[in-house]
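These are the structures in question, set out in turn.
Note that chain A is present in both complexes that follow, paired respectively with chain B and with chain C.
Right after this comes the complex of A and B.
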């Protein structure tokens, strides 16, 4: 008899882990709260560092879960640990008895309007990384063509006042990628990146940064202090250039805020039902941060992806495969003796 | 600008302001700078709106100027404040309203410090007993006087004779609002509307018919800033701050400025004279400046007070063009007459500023 494995969350981590578990012969049930699978990936246009279309990655992930039972627009209404298995009631009325559960609830984007001084939701020209990516994906362009565009790194990340001192890991590379794409779309525009540190740690990320510099994108080390609107409706951005130790003001047509990662609200709701612990940053605590990142402190309950902290897409996919192996090991040790 | 976005933020920063029964404390400097503002506040709240606002001659300074100038230590300032609060209790009140923004900021800072460090609160209570034989108390509600006028803005609108509207065009007047830094920049949750887009003065202007001007340097300090002005060698910095604000608001062609701080209206008003004398530049129409008002003065104007009873003749920037724009009558011959009818003497006319 095949063991039931419940995967909560149909983003890249949930899909990749489901595919791996399905290949191993498990009966995988995937529950996703949104209408379609893919999570944030489905809303993205192109991915760093190679700018490959997000759709290409998503299609490949979808191909891998053809044999997985997927329930979309489905919440986990209740979940509890029985003797060895988990009893989960889904919002579609189906009850599942699962021998292992994988939580892949991912992240929510930081609500950029919380950084009131940046004027998101107040000024028309201020948008987020997700808004810009949506515009790219839909082929929308700004009219009239902007003459100056800024990107603000670390919006809601590395910011104690915003309640998140941690780095969101992907924003620097995303900002540089989006800045390059913006410059390609509007070659005459001045493009600025306001950064604290550039954390271009992955393979080819540094190449992306070099490419951005060569294309004329200006990198200003310093935080934006406030955004306001001029009489002609442009954005006046005040920042500090910490390399020249000078405050600066620049008028822009658009300002893109790199909203960081926050723990998923839906994931926390599931965790709350099982009393799963979180760390100070609000993301779930693993059993161990080195040797058992995919294991929770509950038997048979596992994590993959950004529910345990911000991760890049490659990290998420690696972790999903790794979680599948951990689940396989757990099932073999506990159910097949 | 997306007005709905601002309303969303404003909704998150609402403070509870009781309707009535307040212990009122005055500002050290407002009575000199804007001599009728506090009297107008008391007249409007007590006599026009029928509120119970109590004041006693026994209250003192909050110690804010000395504290921010490093002339007295924090514990001394806290003991002075504890005495003010103790007087409130002695006279049977639990709601505290202060006229000064510096005081308001210092009261907020003190209450937060006591909350964070109860042992310090205990020490201050002991200091208070040893020095004044007064019983330690904390206000149930602490508000700034502009919070109260904000609270009563619709009642004032209902009794208004004039609106902040250009009588010739029917257009709302374009009003710059300027919040004192110590009102909500230190403790955003203590101010109506928060720190980035404060609503306390905006609410008044909207209720009285005006239109708010949102200009880039609206959050910038007026230029007072204790160390900027009190230290003579820093005064150029004070002026530069004010200059920056006027350069920023100029393209929006504001008709007037409303403020809620003792220092801000003074510096925004007087430095216009200095800028005009040194650079020959004026920011209002036809060589005039942009008139600057306290919120009590604006409330008084819309309620039909005589401009000279509001002390508007003590402003550097002449207010007559604005009064004409709204249609508020005034007698030029009475401008420099004191309350007793005696001539106070006419100030010398500046060269550039009309």
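Right after this comes the complex of A and C.
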């Protein structure tokens, strides 16, 4: 008998775990709320550190789930734990009895307009990392060509007042990648990165930083304090250059805000139904944060990816595979005796 | 002009719009390593002159990027070109050569 496994969320984590579980012979049902699979990955143009096209990664993930039953535009209306299986009612009217559930609900981008002082939604020249990536993907360029562009790290990250004291982990590398791509697109423009610390922890990330420096991108250590509009419609950005302990100002044509990761609203709604606990950062609490990150406090309910905190794409994919193994172990221990 | 007994201090805010990027460009063309500084402070920490006078290649480079070449001049004026900073720079910058190029381009 094939056990049913319900995977909630069709981003990279959900897709990779579904592929692995399906290869192990389970009957996987994948529910995704959006029209198409891929999550944030589907909206991205190129990925750090090697700048490979996001589509290439998405296509190979899709290839892996050819045999998986996928429901798109489908929410989990209700879910509850019966004797030892989960009963889930999906918004498409289908009810599933699953022996294990994997939550791969990922993250929502921090709403940059909450940081009002940065002027997102107020000044036309202010955009987010996702907006810029969309423009790259659609091949859209700014016209007239900008003379100066800034990137603000940690927007809605490391910010207690914005409700998120944690680091979002991917924004530094994304900012440096996007700054390089922007500089390539507008070689005559001055490109600035406003950072507090550069957290280039992964393999080749530091190389990316060095490459950005060599291409003439200026790194200013200091958080942008406010953005206003100049008389000629440009953006006046103020920060402290903390390396020289002096306040600084510069006029820019575009300012890109690196919006951080927040727990996904849809994921929290699922968690709420099962009384799953979250930690102070709003992300789900694992059984423990070292040995059993993939396990929740409920039997047969597992996590993968950014629903337990900000993750890079490779982290997420590793977790997905690891969750598949944990699920396999759980099913063998509990259903096949 | 009537002396009212008070004056206005000039702003100490760095204005990147007014910074002379042209000279720094010339410096970077001649010394591409000038762009590689990651502000670790090894050069200043090892500097023989810094123990006695306000001397720092790290801050001098920063001042140049911020358009404050007078500040850079002060920060390099006590350099004895001993080359200890070249030994310790983790980015492998030929700091001694870089200092000479800065002095040349900015006519310091």
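Just so it is clear, the second predicted complex is superposed on the first by the 337 of 337 C-alpha atoms of A that agree within 3 Å, B and C clash if a C-alpha of one lies under 4 Å from a C-alpha of the other, contacts with A are read in each partner's own complex, and residues count from 1 in each chain.
In this text, a residue touches a chain if its C-beta (ideal position, glycine included) is under 8 Å from a C-beta of that chain, and two chains touch if they have at least 3 such contacts.
Computed from a predicted structure; not experimentally measured.
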**OP:** Check chain A with both chain B and chain C modelled on it and let me know: fit or clash.
**Re:** fit
Original post:
First (chain B), second (chain C), both or neither: which does A:82 touch?
Top reply: neither
**OP:** May I ask you to decide whether A:247 touches chain B, chain C, both, or neither, giving the answer as first, second, both or neither?
**Re:** second
Subject >> Comparing the two partners chain B and chain C, which touches a greater set of residues in chain A >> reply: C
**OP:** Considering only the touch criterion stated at the top, classify A:290 as touching first (chain B), second (chain C), both, or neither.
**Re:** neither
Original post:
So, A:113: does it touch chain B (first), chain C (second), both, or neither?
Top reply: first
**OP:** For A:190, select first, second, both or neither according to whether it touches chain B, chain C, the two together, or no partner.
**Re:** second
**OP:** State whether A:122 touches chain B only (first), chain C only (second), both chains, or neither.
**Re:** first
Original post:
Regarding the shared-chain residue A:221, is it in contact with chain B (first), chain C (second), both, or neither?
Top reply: second
**OP:** Pick one for A:210: touches chain B only (first), chain C only (second), both, or neither.
**Re:** second
Original post:
Which value, in Å, gives the least CA distance between chain B and chain C in the superposed three-chain arrangement?
Top reply: 5
Original post:
On chain A, what residues does chain B touch that chain C touches as well?
Top reply: none
**OP:** Quick one: which bits of chain C touch chain A in the complex? Just the residue numbers, please.
**Re:** 12-17, 21, 28, 32, 35-36, 38-39, 58-59, 62-63, 65-66
Original post:
Within the complex, which stretch of chain A touches chain B?
Top reply: 113, 116-117, 120-124, 226, 228-231, 236
**OP:** Give every residue of chain A touching chain C within the complex, in rising order.
**Re:** 190, 192, 209-210, 213-214, 216, 218, 221, 241, 243-244, 246-251
Subject >> chain B residues within the chain A interface of the complex >> reply: 1-2, 5-6, 8-9, 194-197, 214-219, 251-252
